[in-house]
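Take a look at the structure set out below.
To keep things simple, chains are lettered A, B, C, D, E and F as they appear, and every chain counts its residues starting from 1.
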Amino acid sequence: MADQLTHLDERGQARMVDVGAKDVTQRRAVARALVRMTPATAAAIAAGNAPKGDVLATARIAGIQAAKRTSELIPLCHPLPLDKVTVDAEVDAAAGVVTITAEARVTARTGVEMEALTAASVAALTVYDMVKGIERGVEISSVALLEKTGGKSDYARGS
Amino acid sequence: MADQLTHLDERGQARMVDVGAKDVTQRRAVARALVRMTPATAAAIAAGNAPKGDVLATARIAGIQAAKRTSELIPLCHPLPLDKVTVDAEVDAAAGVVTITAEARVTARTGVEMEALTAASVAALTVYDMVKGIERGVEISSVALLEKTGGKSDYARGS
Amino acid sequence: MADQLTHLDERGQARMVDVGAKDVTQRRAVARALVRMTPATAAAIAAGNAPKGDVLATARIAGIQAAKRTSELIPLCHPLPLDKVTVDAEVDAAAGVVTITAEARVTARTGVEMEALTAASVAALTVYDMVKGIERGVEISSVALLEKTGGKSDYARGS
Amino acid sequence: MADQLTHLDERGQARMVDVGAKDVTQRRAVARALVRMTPATAAAIAAGNAPKGDVLATARIAGIQAAKRTSELIPLCHPLPLDKVTVDAEVDAAAGVVTITAEARVTARTGVEMEALTAASVAALTVYDMVKGIERGVEISSVALLEKTGGKSDYARGS
Amino acid sequence: MADQLTHLDERGQARMVDVGAKDVTQRRAVARALVRMTPATAAAIAAGNAPKGDVLATARIAGIQAAKRTSELIPLCHPLPLDKVTVDAEVDAAAGVVTITAEARVTARTGVEMEALTAASVAALTVYDMVKGIERGVEISSVALLEKTGGKSDYARGS
Amino acid sequence: MADQLTHLDERGQARMVDVGAKDVTQRRAVARALVRMTPATAAAIAAGNAPKGDVLATARIAGIQAAKRTSELIPLCHPLPLDKVTVDAEVDAAAGVVTITAEARVTARTGVEMEALTAASVAALTVYDMVKGIERGVEISSVALLEKTGGKSDYARGS
């Protein structure tokens, strides 16, 4: 089964897979991260957001910028000329949850799920950074791929 | 309550907090990330790891390198001359879980919890990247601070 | 006179000046950039800013992040563990001007004027980028140091 | 009018515009930055430049390297596989002006004006850095796009 | 003869060559670096490698990541969307040599020899870093291009 | 002997060594790289260098900038606030050799030999890049540490 790990060669060594023979297609991926905190902390984000929007705006920008640096962070990822990155961040103050949703698109030989996941993760870490002064137990409770299209086969979480 | 968000100024705008008046002390933080997958995928990592160790070795290196770039990724983090970063990765094949534990240390005016959390997150994303070819539903199910010492007050999760 | 160019050695070659013998002091610099556009474009920024604040928020974040990368961009700058960076951006819609003001602080052997200037420049370029779709003739009409303290001698523009 | 700010979505939030449906064409942009100083400082650059050329050579290299990192600096810019970047720097010692001219070319779905502007800005900041030891009042007095071809419509400043 | 230096323009100034008119082809390059040390040090690497493989694994990952950053490091290199990077590292304990072999592939308008050479160099530096605690006289005794295909003409070292 | 590899922990896993308990001292390292080519190629560099100095100037700048990014390139290196970096490059046209000498200094808890070696290596790669259009068999024939002071014990090559 180990040989199914496509990033390892026949000797088990890490490698960047050759995508030179793959087709250039339009590829898209959507990922999500959940940041859990107390309702009071979530309310502070929502209130802080009311006049100037900076907590969530900062997280969105951080996520977009991180997507562009995915291949620097994840050793075996290919550098990709991204067509689009968006990061949304929504606060559910009552539930104490900030939901980050990141979408990446590219016209290339390989997909962008790591870019979407990296954007979501870094946006979530940015929210964490900005609220850690008022609550220390904040947790990024889930980072997951929601959907992916344009490669060999499509994927939709839960379907 | 919004004014408790120390990264926002009185107008709600994002800012990098001034740490110039804080003491230089030895600071330490430990963070954890859990990567959940099927037992079969976890077994492939463990087996792939037997001869050459590259899945977990790659994740450890990626986490260490990411810790050093935290201030580039998280907009309001301070650049820090880290004293030490370690990333451990353990596979529980039966449970289908890879547990990442990252520790960062610094002698500086501000702490390293974001460095530990960033290391754990990027190591977890690297595990995800290396197994996504054999399982698509992998989830980073928790990223959290375990402990923190050396700042104004200490913290230990769950205590 | 050429030997007064401290970044050139006796043969006129670029070098990073040795700051090892200089004192560690608290240093501060403030820089400014002006972005000139039509009043209509400035009004669009101000209006776009009303609900969510993203044009100026994006510019502020970009400036803060750029300050931290000054030594990567400016070849002979020293890497510095910045204590603080803030970037303010104000729109004067009637005059068609966005004024960026960036402040950097550090406790180190050399100053932060390039960090403040880089933050202001990149914030200004970010404003440019975000309005270039509605006006092409936008100009960054001035980037200058306003003040500097903590080094061998202080400086205040125009005094 | 705010909806003309293409980097903002319908809620006023920053986004990286989707260029996936745009044509791949050869695109080119030229930008300029002016660095104003006293004639004595400009003469020092020219003289320092005579034997070894390092002030302007350093600025040219810094500008070229910055062009390649535009998408890391400007949050909503797309990463682009640049075909060419050149940066020229000319000293007019009598007028006390260094004129930076940067050209960028790409074969891609979006243009390179931010790359040309970033190259010119960083080259200008590098000149500033290298003369700040002999004159503190140096100003980058103008950063502007001179021309742009290959996109939906061409642009030439002042025409 | 100086005008044969394609990175210099007619005035001898550094420039990034325009590759916009070149064909997009599949290009490949292989480079090698030799790291020479005492047999005892080489044996320590081999032994340390037995259980976990981390010295050579770390070098391989460092080389792959460096290949992706070639255009940031080498001023006149073009940014390239690499299709593949692999780095192999073999220890000859008796001879006291670690041989690094790096391969890069791309589908682009210009070649990847600098990417292969940068990967090999940084992998070799990483080996150096990891053994410098036990031997100080380690030397990277050769970094060279072994072969190159897909451009105007092919190349094979020694043929 | 493997336990002497200080970058590996007791399980053979890569780690960034903890330098928190080490003294802050002034540390210095000098490294050298030799680039071997035909006398004709070396003469082209020397001639190209006469009027504008750009080949060697570009290599020097690339080396200085690379020194500042050592901890990003070499996975287990600590980020350091460098006090000084210089890179010299001399052409011996008759012998067909460009000799790069890089010096790095820091006031810190750990040394700068990797910074000096990285600067020398990247400067050598930059020379290679700029002459590869006229000669393909160029080799970086030696990268080595020349001396090191300020740590637990000093070192001088060949002494």
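Assorted remarks:
Definition applied: a contact is a pair of C-beta atoms (placed from the backbone, for glycine too) under 8 Å apart; a residue touches a chain by one contact, two chains touch by 3 or more.
Protein identities per chain, from UniProt: A, B, C, D, E, F = Cyclic pyranopterin monophosphate synthase.
Given the structure is predicted, the values throughout are model-derived calculations rather than measurements.
By the document's definition of touch, common neighbours of chain B and chain D comprise A, C, E, F.
Any chain touching chain B that also touches chain C appears here: A, F.
Chain A and chain C carry the same sequence, and matching their CA atoms takes a turn of 180 degrees, rounded to a multiple of 5. More than half of the contact pairs of B-C, counted by residue number, reappear in one of D-F, A-C or C-F; that pair is C-F.
Averaging C-alpha coordinates per chain and comparing to chain A, the farthest chain turns out to be F. Chain B and chain E have Cα centroids separated by 30 Å. Per-chain CA centroids place chain E at a distance of 15 Å from chain F. Looking at chain D, one finds that residues 13-14, 51-54, 57-58, 61-62, 65, 69, 72, 75-76, 79-81 touch two or more other chains.
Chain pairs that touch, as defined above: A-B, A-C, A-D, A-E, B-C, B-E, B-F, C-D, C-F, D-E, D-F, E-F.
Residues 51-54, 57-58, 61-62, 65 of chain E are the ones that touch chain B when the two sit in their complex.
On the side of chain F, the complex with chain B involves touching residues 9, 13-20, 71-72, 75-76, 78-81, 108-109. Residue ranges on chain C touching chain D, taken from their complex, read 1-2, 4-8, 11-14, 40, 43-45, 47-55, 57-58, 61-62, 65-66, 69, 72-77, 113-114, 117-118, 121-122, 124-126, 128-134, 136-145, 148, 155, 157. On chain B, the positions that touch chain F within their shared complex are 26, 57, 60-61, 64-65, 68-69, 79-86, 88, 105-107.
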